[in-house]
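Letters A, B, C, D and E mark the chains in the order given here, with residues in each chain numbered from 1 onward.
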Amino acid sequence: MEIGLNHYLILSTILFAIGLVGVMRRKNLLLLFFATEILLNSVNIAFAAISHYYGDLTGQMFAFFVIAIAASEVAVGLGLLIVWYKRHGTIDLESMTSMRG
Amino acid sequence: MLSPINVSLESLNLITLAPMLIPVVGALLILVIDILKGGLDRSLYVVLSVLFLALDFGALLDSAGVFGKDGIVLGLFDVMLIDGIAILAQFIIVATSMLFIPLALTHKRFHEFSYPEFFALFLFMISGFQFMVASDNLILIFVGLETASLALYTLIAMHNRDKSFEAAVKYFTMGALAAGFYSFGAMVFYALTGSVEINQIATVLAANGYVDIGYVLVGVVFMLGSFGFKLSVVPFHTWTPDVYEGSSAAMAGYMSIVPKIAAFVVAMRIFEFLVHSGIAWLEFILWIMVVVTMTAANVWALVQTDVKRMLAYSSISHAGFVMAAILVGTTQSNSALFLYWVLFSFTNLGSFSMLWISRQKQLPGYQKTDHSFDKFSGMIITSPMAAIIMAIFMLSLAGLPPFALFWGKVYMISSAVTGGYTILALIMALNSAIAGYYYLKLIVYMFMKDPIASNVDNNGELYVANATLALKSIIGFAIVGTIFAFLAINPLLEFITTFVYNSGY
Amino acid sequence: MLDHILSILIFFPALAGILGFMIDKKSIRAYGIAVGFVEFALSLWLWFAFDSNVSGMQFMENLPLIPSFGINYILGVDGISLFIIILAAFFTMIGIASLTKTKNEKNMIITLLFLQMTMIGVFSALDAIVFYVFWELSLVPMLYIIGAWGGPLRIYASIKFFLYTFAGSLVMLVGMLFMAYFFYQATGTWSFAILDWYRLILPESFQLWLFVAFFFGFAIKVPMFPFHTWLPYAHGQAPTIGSVILAAILLKMGTYAFIRFSLPLFPDASVFFMVPIAVIAIIMIIYTAMVAYAQKDVKQVVAYSSVSHMGVIILGTFALNVEGISGSVFLMIGHGVVSGALFLLVGVIYDRRHTKLMSEFGGLAHVMPRYATIFGIMLMASVGMPLTINFVGEFLSLLGFYEQSHILTLLAGIAIIVGAIYMLSAYKKMFFGNITKDENRELKDVNKRELLALIPLSIITIWLGIYPKPILEPINNSVEAVVQLMHNKSTTVEAKERIPNVSGIVISKTSTREAH
Amino acid sequence: MEKYLYIALFAPLVSSLFSALFTATPKKQFVGIVASFLIFSAFVSSYILLGHIMDGGEPIHVEMMTWMATGNLYIPFGFVVDQISVTMMMVVTLVSTIVHIYSIGYMDHDKGFNRFFAWLSAFVFSMMILVMSDNYAGLFIGWEGVGLCSWGLIGFWFHKDIATWAANEAFIMNRIADLGMLIGLFLVYWNTGTLQYEGAFAAFAQLDTATLTWIGIFLFIGAMGKSAQFPLHTWLADAMEGPTPVSALIHAATMVTAGVYLVIRSNELYSLIPHVGLFIASLGAFVALFAASMALVNRDMKRIIAYSTLSQLGYMFAAAGLGAYWVALFHLMAHAFFKALLFLGAGNVMHAMHDELDPFKMGGLKKVMKWTWIMMTIASLALAGIFPFAGFFSKDTILEAAFAEHHMVIYGVLLFTAGLTAFYSFRLVALIFHGEERYKIFGIHPHEAYRFMLIAMSPLLILAMIAGVFQAPFFEMVEEILGAAEYHIHSHVTLWIMLVGTQIFVGLAILYAYKKYGTWSSVPDGSSKMENSFIYKLLYNQYYIPYAYEEYIVKPYNEISEILWTKVDQKIVDASVDGIAGFFYSAGENTRDMQSGNLSTMLKWMVAGIIILLSLAVVFGLAARYSGEIMAILSGLGV
Amino acid sequence: MFEAVAFYLFAFLTIAMFFITVTTSQALYALSALAAGMIFISGFFFILGADFLGAVQIIVYTGAVMALYAFGMMFFDTTREVKEKKGNKFIVVGLATLSAVLVVAIFAAPMLSSNVLALYPAIEGAGNTQSVGLVLFTKYLIPFEVAAIMLLVAMVAGIVLAGKKMDLSLTLLNAEEIEQMDAEINKKVLS
């Protein structure tokens, strides 16, 4: 049973879908951020796999930068959450509906 | 074993980096100044920013000269791609930024402009956008995009009130999702072609004759999702009105222009070859997206009660309108995109600035939001000049000749006509009529309603509550540009067309 | 100066308008009248300098604007546009002169000056985009006039007016862009110059589509049934001056554009659509006349009567022969004068009673004999009494169309019956009978300021009815050129038959070379 | 001679403008005098021109200036004085001079004295244009001009609702006919290339009969309106609401005969299409009878005379239709004299009776109004065609013409009508001037009119008596242009039998009228048997035609207008426009909840967008991949 | 064979962990599951020979990011049970499943263009880290530097947002209050 690229791609897609479920489902912003991490990680697997099967390093590069980006996002995201939490004592996204229509 | 790699300095073309590095240096300098001596006045940072942006602009002129002479320049292992559209986009980005940053010098003090970090982040953001447009490598595009976006989220939040945090969080979260889409899309393209460079992707796909059309489409879908978010294409637009409302008016105006032109350039790079490859599906989808975005945004704008939010929807609609250029995909349409955006930048920044100078800190009872329509009732009586200027901006946005955007619209619709998209051209034209309604609504309030008593008493002070010389100059500049645009269209058009054409678009 | 007289005519009022901001509120009226007078004098000079024997464009100006896209600032007048320009200058002048005291008089006068710029611009532009610029721009001052000084529904009316016409003209814009594209395909250069377009012979199928596109813009402006509903609102709500200018000049833009664009550019399509358009015109004539009859508000009567008369103009235009088109151009002038005067007259009574409902009046002839007389003259002109200005146009229009279709002309001729019905009944309701309302007993007859506007109009009405030659002759010369051009350009057999070959007209007179 | 032409033409205009200057001022006696003088000068000029023509002078033809010229169309203000027009000019100027002078007295106490003269002179001017023009367009100017003045004069007492209503009715009904006329003009122009009589007549010969028939029909429709022929006749009776001099001038002597004039003027056309002529003649005969029958029972003095006018117009058309143009013209002239006289006399009576119009409320007036009585009696005799008065020569010639042309039905009808004419005329005279003085019940003190009014009327009286003398010279004069032969009944015996028989028949009718009404003593109150008979009601209600017009044309027109406005224009046309706008607006209102402000929803929208795009991509991708198979399946299905 | 076993094992584990992350109502579980998932993912990297990436994954994600999140959790006091609204679960799951099924359906078909020329091939004989380094510091030098800027931006942003500067909003204060505040600051500086 040979593990081909498709296996990894399918795995990646499944994980991506799980991430999407999280993104859509979570009302707590922190947990929602977790889901976005899942999204990025799932793609990373695919990149690494493609890179492996093509024998090309670009995919790993991409994955590397994705990790960097994910890390930066966490910093900014948490910063925003902290400010919000300081004011409102919650990080539930239901508390952010002052603008609509 | 590894052999040492020899890289000649000339082959790197380091000069291609100059325009991006200048704002980075500026940002660092600002941070350093702040560390050395805190509490300095914002005017210092404003002027410094303007100076660096001016330098940046100078560097761009230089790049433009080089491009005019030698054509497309690649640099630093071909990661940097300085072609016509990159230069044009950077011109728009830098010029708009130069117009924007003096808006910090308001009469009232607002949180974001009081801190040097704002200006540092601002300059970082500009360099991020510049990297984004000056490359066809999906990785650099991604990194540039994220640099700019992260800075932008912070800039929005720094307005420091509940709505701005809310806006920043919404923008951020959706941005994270869009980043996921982007990386997934890039992954698909990489899987298909083994490359993350757009021209390489195009070459490989063409060589394969698009046999894997299904995969290509998946990649396209995710890319559409990601750039749809950036360009606020329906249904990825939902952040736009909230974010515009949450941020300061000046920032909202800025956001309606700069991030979008950057995204447009990248979208052009990605989708152009796909459209040309004759993927009927993409054409169809883009057609639908353009039409839906234009129309739906207009329809939503109709029912707004706040001017800023209305303008937010209107800029969604404008973006949809301009998306048509990517669909049409001719040299004329791509030139039209830039022409339109140059003209749009004047007008839209001007109109948001008009909101900005009338920004109050405490809202009177009749006013629910910062810039509700009621606020502008009878403005022609209390401050006629401001009302006329605002009206001209609105008329220009509505596409009424001879104001700036009319020429953009004409050229854009003409490109659709030339490209064979007759129905699209008609829909684009008729959308202006729908849009006319909500622009007129403001004019109706300003010119045809009776003023609110308290505004009459203080002689329309409300409308210039925030005005300083700097703001007035910017508005003056915008209004002159808006009215007399027709004088500049010809050179602008020739310049843009040359650049776009020589870049191969 | 004559070389640039058109530019001067266009931009003098605009400049005056801008400078007008600096003038004190109390003195603005005198300023407005002075500017209006100078402009009118200039327009008369234009007429004086105009060579009636030349059928082509005169006083041409050509400046590059966006040459790389073929947009140039080209101006010129011929017999068709000359008199409408003069009419525009004239009406602005007397409009300002007869302006009653309103709030924000200064804004009103400055707006009127800008409006004048756009009106003259439309009629002298020879580049489609420049034409479009003025065409659209004319909406803005009108929007303001209706919206700021109008009646209770003014905002609805003004927005409706604006958006309706705006939507229509956007379709027209697309048509123009197509036209330019076809020109580009044919010649390899972009051009929006109308005279360049005249040289382009399009296949019939293209003509049909383009005709339809242009039609939307023009038809809404005219306004043709069923696109006319903005007009009653606009007129009903607009202040007197707004209605006057709207009826006298702005509506003429549509019919003028038919002659300037649709006919010479798409002769085959014009023939193809002749019958449907004639049917619409007839519906306009009869239907709106009946609707006018049902009105309670005298201004609405005049408004609907405008639509009805515009139907006759359209019919004359689509007669596609010299008689009909000359007649329709003449009727544009005639209707401009007469409907303008009628609206002024309605304004007179509105100023006194602040109502326009006919049921509020009755027996006014007892207290306001001069008013009744002038109203009567205009009424008779409106119903097309011979020796008034309208008759010439109506007669020629119907006469012209009779060549194309007998039965349709017969139907259209019902205009003279139904026109009389609503006009006379309105007159009867207002002026005849005994005074029933006490408010009407003490009404003052027309004063000097009002006479200042009404007397010249009455004189013109009768003078041009008796001796239309000074106007009809230049119109005729230019129209002959248009008809000949259409005949030469037409490709289908039917069109060749329908459009007469005007013998003896040397087409080179209208040579497009003058444009370059 | 041209000078006289211009004087004849423009003196009335000057008069009108002069009077118009004083419209806003109180009554000025001199306005009437000046106006009358100017009209008189026109009469003198016309007389000189008549002399010129009678002497066999060339017709005078002038072209004053261009009116309309475009394309091939060329219409000048051209005027011609030939035999026909000079006759008309004489009639018009003579009657109008008399009416002007008469009006000075009649309108003595009226506020609108000056205005009246302005209108009246304007009418004369229009009429002069009508008859003098050398082309159809000029004729149309006059045609409409007289219509306008008629409107102004019928509605002269504009405070009276019924008067203004009648004015509008007259104008609108005429407009219907004018449309026909206009179409006729168009036909003439497009078939002959000109509207000049000369050119058009010359070209008619080359045209096919169908075209000529159409031209004839449409021009005649015009004539029908102006001359109030059935079915456009109702306005004439209603027009009697105007001042009586107006009725005399416009609705008896001049304007209403314009239709006849048109037919006579276009004799070259109608000669070519005798079948249309026959129709005209038949209609004329019908109207003659029809109008006379309504006059029998009417109880309004002026209306009776109006119906009589209508009836006489029928005679004229009958003559013209049969090709006896000169007879028609002669009857036109003679009729103008005695009918004007009749009307002016009626005016005197009205004055005397304080605007009372019901002859049943008068009676015995001959005692106080001797001159008026004489005049009206003679005018009635003339109308009835009693030898040797004017009517005898003109009307009997028509009968002869009908007889000679072997149209026995027309002849019979006309003959019968002659009897009716005599009856109703003398019914009127008897009721007014004879019998008991019923007016006393109403406390009226009648008085004779001003002397100068009576003197002004005297020329008409004389002409009504002696006009027959002119028959021969008149025939001589117009023979050349109207080219018709004298109508001689082949056998003298037949002729005499006819003449005498007619006279006796008419005489009996007069006697019957006198017998029945000469001693009338009460005011009918609608209870008598006759008044309740069907025929009486039918005739009294004018065959219910005005009622039918009101019910089936006017009211539906009002209702349809109202429906078109409130239902169609507002509810359909406008509502659909607003509907489009409303659709967009409500679309915005209904979908704005998509922007719920909830981040979770926004994220879901993004994902949903991706999913939708993906689904489309999959569909498309599958379709692309299996396009061959799909095509195969589809073709298998027979699609 | 080993590869297959490892793949399925790690696949199962990551899917399970991430599933727990998005479904659990306990924030702590979610955090732990996420961290575990991240580590399992690094397992894939090692299988695929991307050693450097695997190491970075563990260090950056599990080390830095997760630590940050953990601090965040403590700050936000999310240890208590998180309530998710029910009701639109169907939409959520439906959308996600649909997307997964769609993409899987496409990917299930064999990748045809697997004969792509590697532009930046792993260098024979060099370790993964060395190869990565070589590419990173030549071709991807600029993205690398930009990423540095990005991290700087993130740092500045984090400091600004989470720091004291945001505590008092100048946007909401009116002019007098701002003046007063400035005066106090000046006093502090002087004293």
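FYI, a residue touches a chain if its C-beta (ideal position, glycine included) is under 8 Å from a C-beta of that chain, and two chains touch if they have at least 3 such contacts.
Because the structure is a prediction, the values reported are computed rather than measured.
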Self-check item: Co-neighbours of chain B and chain A - touch as defined
Solution: D, E
Exercise. Tell me, please, which chain's centre (mean of its C-alpha atoms) is farthest from the centre of chain C?
Key: E
Quiz prompt | Central subunit by CA centre of mass proxy | solution = C
Practice problem: Please indicate which chain is farthest from chain B, where distance is taken between mean Cα coordinates of the chains. | Solution: D
Self-check item: Mean-CA-position distance for chain C and chain A (Å)
Solution: 65
Exercise. Round to the nearest whole Å and give the separation of the Cα centres of chain C and chain D.
Key: 35
Self-check item: Mean-CA-position distance for chain E and chain D (Å)
Solution: 98
Exercise. Just give me the whole-number Å value for how far the CA centre of chain B lies from that of chain E.
Key: 28
Exercise. Please set out, as single numbers or ranges, the residues of chain A touching at least two other chains.
Key: 5, 9, 16, 19-20, 23-24, 26-27, 33, 54, 56, 58, 61, 65, 68-69, 72-73, 76, 79-81, 83, 93-94, 96, 98-101
Exercise. Send over the residues of chain E in touch with two or more other chains.
Key: 91-92, 95-96, 99, 103, 106-107, 111, 116, 118-119, 139-140, 143, 147, 150, 153-154, 157, 159-161, 166
Quiz item: Which residues belonging to chain C are in contact with no fewer than two other chains?
Solution: 163
Exercise. Would you please name all pairs of chains that touch?
Key: A-B, A-D, A-E, B-C, B-D, B-E, C-D, D-E
Quiz item: What part of chain E is in contact with chain A in the complex they form?
Solution: 1, 3-4, 7, 11, 14-15, 18-19, 21-23, 27, 30-31, 34, 37-38, 41, 44-45, 48-50, 52-53, 56-57, 60-61, 64-65, 68-69, 72-73, 75-76, 78, 82-85, 89, 91-93, 95-97, 99-100, 103-104, 107-108, 110-111, 114, 116, 118-122, 128, 131-132, 135-136, 139-140, 143, 147, 150-151, 153-155, 157-162, 166-167
Quiz item: What part of chain D is in contact with chain C in the complex they form?
Solution: 23-24, 65-73, 137, 140-141, 143-145, 148, 151, 155, 158-159, 161, 164-165, 167-168, 171-172, 175-176, 178-179, 182-183, 185-187, 189-190, 557-558, 560-562, 564-566, 568-569, 573-574, 576-577, 581
Exercise. Using the touch rule from the top, collect the residues of chain B that touch chain E in their complex.
Key: 1-2, 5, 7, 17, 24, 31, 39, 76-77, 79-80, 108-112, 114-115, 117, 120-121, 124-125, 127-128, 131, 137, 139-140, 143-144, 146-147, 150-151, 153-154, 157-161, 164, 191-195, 200, 204, 208, 211-212, 214-215, 218, 248, 361-362
Exercise. Quick one: which bits of chain B touch chain A in the complex? Just the residue numbers, please.
Key: 138-139, 142-143, 146, 150, 153-154, 157, 162-163, 165-170, 172-173, 176-177, 179-180, 183-184, 186-187, 190-191, 194-196, 241-242, 245-246, 303-304, 309
Self-check item: Interface residues, chain E side, partner chain B - complex
Solution: 103, 106-107, 109, 111-113, 116-119, 123, 125-126, 130, 134, 138-143, 146-147, 149-150, 152-154, 156-157, 159-161, 165-166, 169-175, 178, 185, 189
